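Take a look at the structures below.
In the two assemblies presented below, subunit A is common to both, partnered first by subunit B and then by subunit C.
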Partner chain A sequence: MAGFRLIELAKPFAPLLPEVELPYEKIGFDDKVVYTICAALIYVFGQFPLAGLAKNSGLEEQGSAGAVLDPIYFVRGVFAAEPKTLLEFGIFPVVSSALIMQVLAGLKLVRVNFKVRQDRELFQTSTKLFAILQYVVLANVFIFSGYYGTALSVFQIVLLNLQLAAAGLFVTLLVEVIDKGYGFASGAMAITTINIATNFAADVLGVNQILVDSEGHREAQGAVINLFQSLRSSHKTIVGGIVGAFNRDYLPNLTTSLLVIALAGAVCLLNNFRFELPIRSTRARGVNNVYPIRLLYVGGLSVLFSYVLLFYIHILAFILVQVVARNDPSSLLYKIIGGYASSNNLLYVPQFPLSLLTPPKSFIECLTRQPFTPFVFSAFMIVTGIWFAGLWQAISGASARDISVQFKDQGITLTGHREQGITKELEKIVPVASTTGAGILAILVVVGELLGLKGKGASIIVGVSGAFSLLELITAEFQQSGGQSALTQVLGVTGA
Partner chain B sequence: MAKNNNQLERLAEAPVEFIKDGTAFIQKCKKPGNKDFLKIVRAVGIGFVAVGIIGYAIKLLHIPIRYLIV
Partner chain C sequence: MSTPTPPGGQRTLQKRRQAQSAKDKQQKQTPASTRQAGFGGSSNSILKLYTDEANGLRVDPLVVLFLAVGFIFSVVALHVVAKITGKLF
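Entry: the complex of A and B
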């Protein structure tokens, strides 16, 4: 074996890392549904508040100017990350390490021979190791930036590290449970989908009351609930209540909810665009069928990849500006990268030029304060999305060549083509489908984000695409299992 | 020099080509009919909201837990 291989680095850690065993026997349909949903719900339940935060990082300090606030609020939704909880970084490290290792392997920057079992295992271990490493590094970046409070004792730092790293390891294993065949689809996708659904339900129908002003008025988190409540409340007029329900900016409002629903509908529509290739069997005469190629060939993954890059850029900027330069306007780094301005005492809004890659807080702010953002941000999303889609369709085991091999095995051929011509014909279609789909999806994300959805637009798009892939897998599995399922009998579902 | 120009031209043409290919592809795609679309939206929507509400119920459990811990 000539040269050094990156995955060899993971070898000494392989026996140390806990691993989920592959299932001994085939998991039934019902069990899979239960595993998938329970894993995601355990994740949702795991969003416990962190212990050991400095007391002054709470409400008292929020008024002061020096507090370090949330710098990555606009990517949180996509990665199911909840601020100041155990899941501070959500599943970002898991997703990013999986995507990046795959991309590196696809570009042959990391040399892996996927035909060798040992290599596959090493690759898996190194992906997991990379994920856990990222949890630890991110935790320390946040701790030393002062995000959890400025004067932390050694004990607090150790405690925070332990919590964040342990939660990270737990999430990695949770994802692995689903990945290894106990559940449907990839674990990361199932968890993000369900978490995004949860956030959506909370934003629209949430009934929990949140303190909104110093007079002790409370408003519901859910936009619809808030509308009804403000119609009845005594300190607002009816018109004021309705207007407030549509444009409050401290909590989800009806305008953003409607926009999110519209985006979800658009993604649903796009998911059903497909190119139908006529196929026929080579074994039986007269058996004609169609093989669908979806427009969104890589699904929401292209958006996820763009957001992974966005996250890295912003974390890097955060390290430089906050940890190194302490967000000091006179320092050189602040001048080059741009600093942070606090908003509502909750968010850290990046300033120019970092703001070029930051979705604006509202459409008006986008026009008045960051007029270049639409160009740079859209270009970034579209280019990275298309690049990723083009690469991914080639390396993910669903490329034109893979499909033609599959056709051959099943005795299928394209109508009007010889067997040798199948790969060429597919090569004309598959890359175009995946890149076009990714481009359109990126445009959709950009439209949503520029209208001021603060990450909700991107997350609903990822969420609905994830829901579609899950649904597809579930229906396929359901049909394979012969439609026998105790769950459907209990729920009385007639099948999608 | 001429070769360089050629490359530049090709670089400028790439997005145009891409958009042309893309629109042609979309036009050839089969789009869902109104009825199908409604059915799909309903299936996905109900699933999405149902799971969301279950998740939200779990999230609500955190409020008393937070009071207990903090």
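Entry: the complex of A and C
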């Protein structure tokens, strides 16, 4: 035994953790569609309110000072998390454990030999264990912070723990079902993408009526629906209705919806930027092609990683300020880290210094109340994004060296270069593309967030770039299925 | 003292090739991820977490899906019970 290894810790738990079986035979294209949609639908249904919350944690008590509100509202969108539902933490623990473990392994801080089957299995088990553990720890942080009500009975605490931990376990397993080859490519990304799409549709076209003031007026959640509704509502003038539809701040408004659409368009555009390397076969003469290297080489993963760090920072601050210091302005921790101020009876807005890493609620607020936030927040996003992209392209098995090995196996070479020179040539492009792409994406996120999208900007960017990454694999798979799919007609592919 | 061998020639080429292959081998020795080791998993833009079949409690994917639905319905049931009895505890 050469020293102690972190992944060995997972060994005793391995027999207890559920493990989805690998498929015995290849799953067909249609089956994959069904599995992916089912898994994502079940996840969406998981946005079900928690049972056993304190009765007085309703609106009445939240209005009073001292009620604990949602401290991580601006990262929820990215991780498909919904407050006070079974998906309180969404997919965050799964994504963060995977990213953190992989980065640690890449930096050789966790010693794993990926060539040994046993090590890989142990690494996977420890990743899963870490994810479930995070669900349990986060659940208890929220329970003991008073987020679910201040005077919880023991029974309630047990019940909440059970619900949140079981929900976490099932989310992990749903991701695993897709990852194991029953669904398309990546469970975490398929689920977040579908969830972000659902939320976006609800924000634009959602018809459910939400109580907005004490007089009992209700407004639609969807921005477009709200516009039409306010045009024909009796208590508003036409101009007032239109102005309100564009700048209400308690529900999605048309301005944010348009901004989100603009960001999505920008990501689509960026996704088309690629560097095309001319390649030729070493075996056959005259077979020429191009090998594209996309600008967004690491896709939305860099943004995801920055948000994982952001989540950790804010949870840590929440533990210190709320659980330890009870958000008491006179305490030392409050003075050092900054406390929370309630907003709209819904959100817990961090104060200075913590507010430096918090996207502002609106652009005006950003200028007047958090003038330093743009600098610190954008520096944080860009630095972490670029650092991650640089590391990830090297460790993820798609670095210049890996591609050149792949080329060699397939009998491909770059036109105009010797086979030995391929790695060097690719090294000029791949790291640059991935870091530049990550930097641009980070700037896009910062622009969106500083304009007051409250996490919607980041989530649409992660969603769209994730969707493109998935789409690439899905179309490849569809073409390989040889037109056997029953969906051929629907997808409009002719000549299959 | 013999004169040093002139530069170039076959020996240099051999040395270069050896050095290169040794370097390659060393860098290939400890892959940093499952995909780099050639066994699937996360790629440059896809986060794929659980791809190996580890030891553990084997479950069928359909069982997972049905249990997940069952779990959500049990929470629904909890709400119903709370509504009827007025109190859960």
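Here is the rule we go by: the second predicted complex is superposed on the first by the 488 of 496 C-alpha atoms of A that agree within 3 Å, B and C clash if a C-alpha of one lies under 4 Å from a C-alpha of the other, contacts with A are read in each partner's own complex, and residues count from 1 in each chain.
Everything that follows uses one rule, which is that a residue touches a chain if its C-beta (ideal position, glycine included) is under 8 Å from a C-beta of that chain, and two chains touch if they have at least 3 such contacts.
What you are looking at is a predicted structure, and each value in this text was computed from that prediction instead of being measured.
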Thinking of the overlay built on chain A, is A:Leu332 touched by subunit B (first), by subunit C (second), by both, or by neither?
neither
Using the touch criterion from the header, give the chain among subunit B and subunit C with more contacted residues in subunit A.
C
Partner chain(s) touched by A:Val239 [first = subunit B, second = subunit C, both, neither]:
neither
Tell me which partner A:Ser434 touches in the superposition: subunit B (first), subunit C (second), both or neither.
second
Is A:Phe45 touching anything from subunit B or subunit C once the two structures are fitted on A? First, second, both or neither.
both
With the two complexes superposed on chain A, say which partner A:Ala151 touches: subunit B (first), subunit C (second), both, or neither.
neither
Touch test for A:Phe273: subunit B only (first), subunit C only (second), both, or neither?
first
Which partner chains sit in contact with A:Ala284 here, subunit B, subunit C, both or neither? Use first/second/both/neither.
neither
Scan A:Val177 for contacts with subunit B and subunit C and give back first, second, both or neither.
second
Looking at A:Val94, would you say it contacts subunit B, subunit C, both, or neither? Reply first, second, both or neither.
second
Touching both subunit C and subunit B, counted on subunit A across the two superposed complexes:
45, 48-49, 51
In their shared complex, subunit A is touched by residues of subunit B numbered 18, 21-22, 25-26, 28-32, 36-37, 40-41, 43-45, 47-49, 51-56, 58-63, 65-66, 69-70
Could you please specify the touching residues of subunit C with respect to subunit A in the complex?
20, 27, 30-39, 41-61, 64-65, 67-69, 71-72, 75-76, 78-79, 82, 88-89
The answer for subunit A against subunit B in the complex is residues 37, 40-41, 44-45, 47-49, 51, 193-195, 197-202, 205-206, 208, 264-265, 268-269, 272-276, 292, 295, 386, 429, 432-433, 435-436, 439-440, 463-464, 467-468, 471, 496
Interfacial residue positions of subunit A with respect to subunit C in the complex:
14-22, 35, 38-39, 42, 45-46, 48-52, 86, 94-95, 98-99, 102, 105-106, 108, 113-115, 117, 120-125, 127-128, 153, 155-156, 159, 163, 166-167, 170, 173-177, 179-182, 185-189, 294, 296-301, 304, 392-399, 401-402, 420, 434, 465, 469-470, 473
